[in-house]
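Each of the next two complexes has subunit A plus one more chain, namely subunit B in the first and subunit C in the second.
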Partner chain A sequence: MIELNDLRYGYYRHQPVLRGISLSLPEGHIYGLLGKNGVGKSTLLKILCGSLIGEGEYTVAGYNPRRQHPAMLEKIRLVPEAEAILPVAVEDLARVTAPFYPTWNQSIFESALNEFQVPRNKQLTTLSLGQQKKALISLSLACNTPYLLMDEPTNGLDIPSKSIFRRLVAGLCDEGKTVIISTHQVDDIDSLIDRIVILENEGVLLNASIDEVSGRLAFRHAGEGDEVLYTEGSPVGPWSVVVRRPDEPETSVNMKMLFNAVISHKDRIRTLFSPLED
Partner chain B sequence: MEFQNNNPIFLQIVDWICDKVLKGELQIGQQLPSVRDLAVQLEVNPNTVQRSIERLIAQDIVVTQRGKGNYLTADAFSRIEDFRRQRLLDEALPKLADEMMLLGVKPADVADALGNIISRRQQAITAPAQ
Partner chain C sequence: MKQNTSLQWSRIRNLLCYDWAVDKGKIKFTLAIVVGLYAALFIMAYWNQTSMGLLPMTPQSGEALVTFANVSVMNYFEYATMIVGILTTVILHRKFTNPQTSLQYLALPGSRIEKYIVMLADFAFVVIGMQVLYLVVYAVSMLICQLTYPEFSWWMNPWNSLNMAKKLMSVTESGENQFDVIHTSVMRLFIWMTPVISFGTFGLWCVVNMLFKHNGILKSIGVFLLAYVFLVIVSMIVMVGVVASFAEHPELHAPALHVLATVIKVILWLQIPLALLFQWIFYRQIANRQAK
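After this line comes the complex of A and B, so read on.
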């Protein structure tokens, strides 16, 4: 369980990035973390794994990340959006990484490298950007930690690799795991996530399961009497996010349109998704 | 699997499994792949697959044998057939009827055209292209 209670953080004293985030993320889910540029998604992930110190109360698996307790650090792994690439081979990196993670799983490491077709014995600095990313994703998946945080993991991956990425993450997720994927590339992961968290600097705009979204909102042509939250053009005519009528069948959730509906109707979304409406 | 129609993903997976039964790729009494294997194959969240399985259980198409996994029930095939035939009548045909009325097309013309399409499809199945 990850719990945040009024989490605040600023890189500069007078320019806070996170201004009071309260959130509770039970395990067993793959969370999509969405938000405009600069709302603090990457900052939040860094705070959760202890590399930045936030204000307010927050815990990961009951531990306070700011203490950097080894028992907590061995349970959490972050794949940053960009990291320093060392002139070492990924198999050597694995040798020095594995001892820190009691959950390390060598066969996940091997099969991820095989599926991604990343050479294990070549210096990372000699690989392409995409290959580097796949090597580092394989390394983090193999840590097999209960908490896995990924910041824009599909950036720079080619189309087949995105598919392999979804398969690997789908195969590794179980009821004991918490996976958080921060991304702008929602199409890459929309079938993979089962909960969506939309963030802005002031707080959380939405924290709901995909089932809750398709229960409350419908994505279709708007008709007379519909409460329309967002509309955009499509090849088959204007397509809208509307408040679902109680008797109509559920539709699939279009993440991009959901995002636009949420940021343009914050208050309406808050009441629609408040627990009282269950 | 490409998810593109406007049904929730969990229902598209229900249809995908039912299609496999109708095509004979999954047999009555056969064990379904595990939730995890299906999730990996379809590149979706295991919880979504679990919801699909629960829907199939509610429709008596699948039954869970404790500690063993999920199996197709003895009358899975006929249940799927009934359900899908009813859906053809309730959903696909009214849409076709609307389009026919819009264009002034007679049922008899459509019946001939449908017959031709079906026989071409059947030929393609029995004599696959080289």
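After this line comes the complex of A and C, so read on.
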């Protein structure tokens, strides 16, 4: 369980990035963490893994991340958006990283590298950006930690690799792990995540499961009497996010439109989902 | 308890392995720079003496060799220490304040204390490397001196470094130019203050960093240089004062020399622990800065 209570953080004293985030993230889900640029998604992930120290109460698996307790750090792994690329071979990096993670699984590492077709004996610095990313994702998956945080993991991946990524992460979820994926590439993860968190500086705009979203909102052409939250053009005419009528069938969630609807109708969304968040 | 200790050492070993694996390129580069620097400075000093017609060695140029070994090389060592200090500053600064590398390093499972131990090991590597190279240069100089002009070899013994004050006494009484003798004595003492200045610089650097938080690499180097210049000036003033007081108050020579010699010996022995302590303070303030 990850619990945040009035979490605050700023890189500079008078420029806070996070201004009081309160959030509960139960285990065993794949979370999509969305938000505009600069709302503090990456900062939040770094705070959760103990690399940045925030103010307020927050715990990961019952530990206080600001203490950087080894028992907590063994349970959490972050894939940063931009990581310092080291001049070592992939397999060497795995060899020196593995001892820190009691849950390290060499077979996951081998199979992920095989699926991504990453050469294991070449130096990371000689690989392309996409290959580097795939190697680091493979490494983090093999750490096999109960908590896996990923910041823009699909940036730089080609289309087949994105499918492989989704398959590998989905496989992990079967084992009851908690995965948080922060991304702007919502198309890459829409079939993967089962809960969505939309963040802004002042707090959490939405924290709901996909089922809850499709139960409350519908994504279709708007009709007469619909409460429209957001509309955009499409080849088949205007497409809208509307408040779902109790008697209509559920529709599949369009992440991009949901995001725009949440951003443009913050108060209405809070009202719609507030009982669920409690 | 035993199991916990064993686990901690295991994690420290793993951190050291990780540290070496990810940074061995930088460590080798630093070592190459340090060795190259020393070699270049030694050659420059030798060439400087040779071009003045004082080398190769003859009995008449024995004193020149002493000057070469005793002052030139040591003075170049002083410059080398400064350059190596700046290099160390840059590497440590980049390693522990760069968001990418610090993220990667700090996110590894290990307690802060365990990480400090590894960071100290990094710094000790550079410090001990510098000391070893210094001793090599010193030993080579001493060997040349011993082989070619034995009368001056005692002059090179670090434990007799303050014997120059006795020399000062005898030559002053013999009517030799007092200013030159004081100048030489100040330089001799100053050379032995080098490690104190180097590590004092790191100490001042830590204190300034703690008082005025900043993340800029140029500011970091600037602070290092200012601290260095400040300590050099202070040391020179102190040394001139000490030597001048010896000349003016001969009755104080024996007890003052004894105290000064003891203090310098203690500092020489303590320099590495002191350096590690300073560095520990530095890393703690980096961690505190990140914590804020």
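In the analysis below, the second predicted complex is superposed on the first by the 274 of 278 C-alpha atoms of A that agree within 3 Å, B and C clash if a C-alpha of one lies under 4 Å from a C-alpha of the other, contacts with A are read in each partner's own complex, and residues count from 1 in each chain.
FYI, a contact is a pair of C-beta atoms (placed from the backbone, for glycine too) under 8 Å apart; a residue touches a chain by one contact, two chains touch by 3 or more.
Computed from a prediction, not measured in an experiment: that's the story for all the values here.
In the superposed model, A:163 makes contact with subunit B only, not with subunit C.
Judged by the touch definition given at the top, the superposed model places A:219 against subunit B, while subunit C stays out of reach. Using the contact criterion defined above for the overlaid structures, shared-chain residue A:264 touches neither subunit B nor subunit C, since it reaches no partner. Contacts of A:106 after superposition on the shared chain: neither subunit B nor subunit C is touched. When both complexes are overlaid on chain A, the residue A:173 reaches subunit B alone and has no touch with subunit C.
Within the superposed three-chain model, A:250 lies in touch with subunit B and out of touch with subunit C [touch as defined at top]. By the document's definition of touching, of the two partners only subunit C reaches A:69; subunit B does not. Residues common to the contacts of subunit A with subunit B and with subunit C across the two structures: none. Contacts from subunit B toward subunit A in the complex involve residues 3, 5-12, 36, 39-48, 51.
Subunit A contributes residues 46, 49-53, 66, 68-71, 73-74, 78, 80, 82-84, 86-88, 92-93, 95-97, 99-101 to its touches with subunit C in the complex. Touching subunit B in their complex are the following residues of subunit A: 28-30, 163, 166-167, 170-171, 173-174, 191-194, 210-211, 214, 219-220, 249-253. The residues of subunit C lying in touch with subunit A in their complex are 10-11, 14, 17-18, 21-22, 25, 98, 100-104, 106-112, 114, 290-292.
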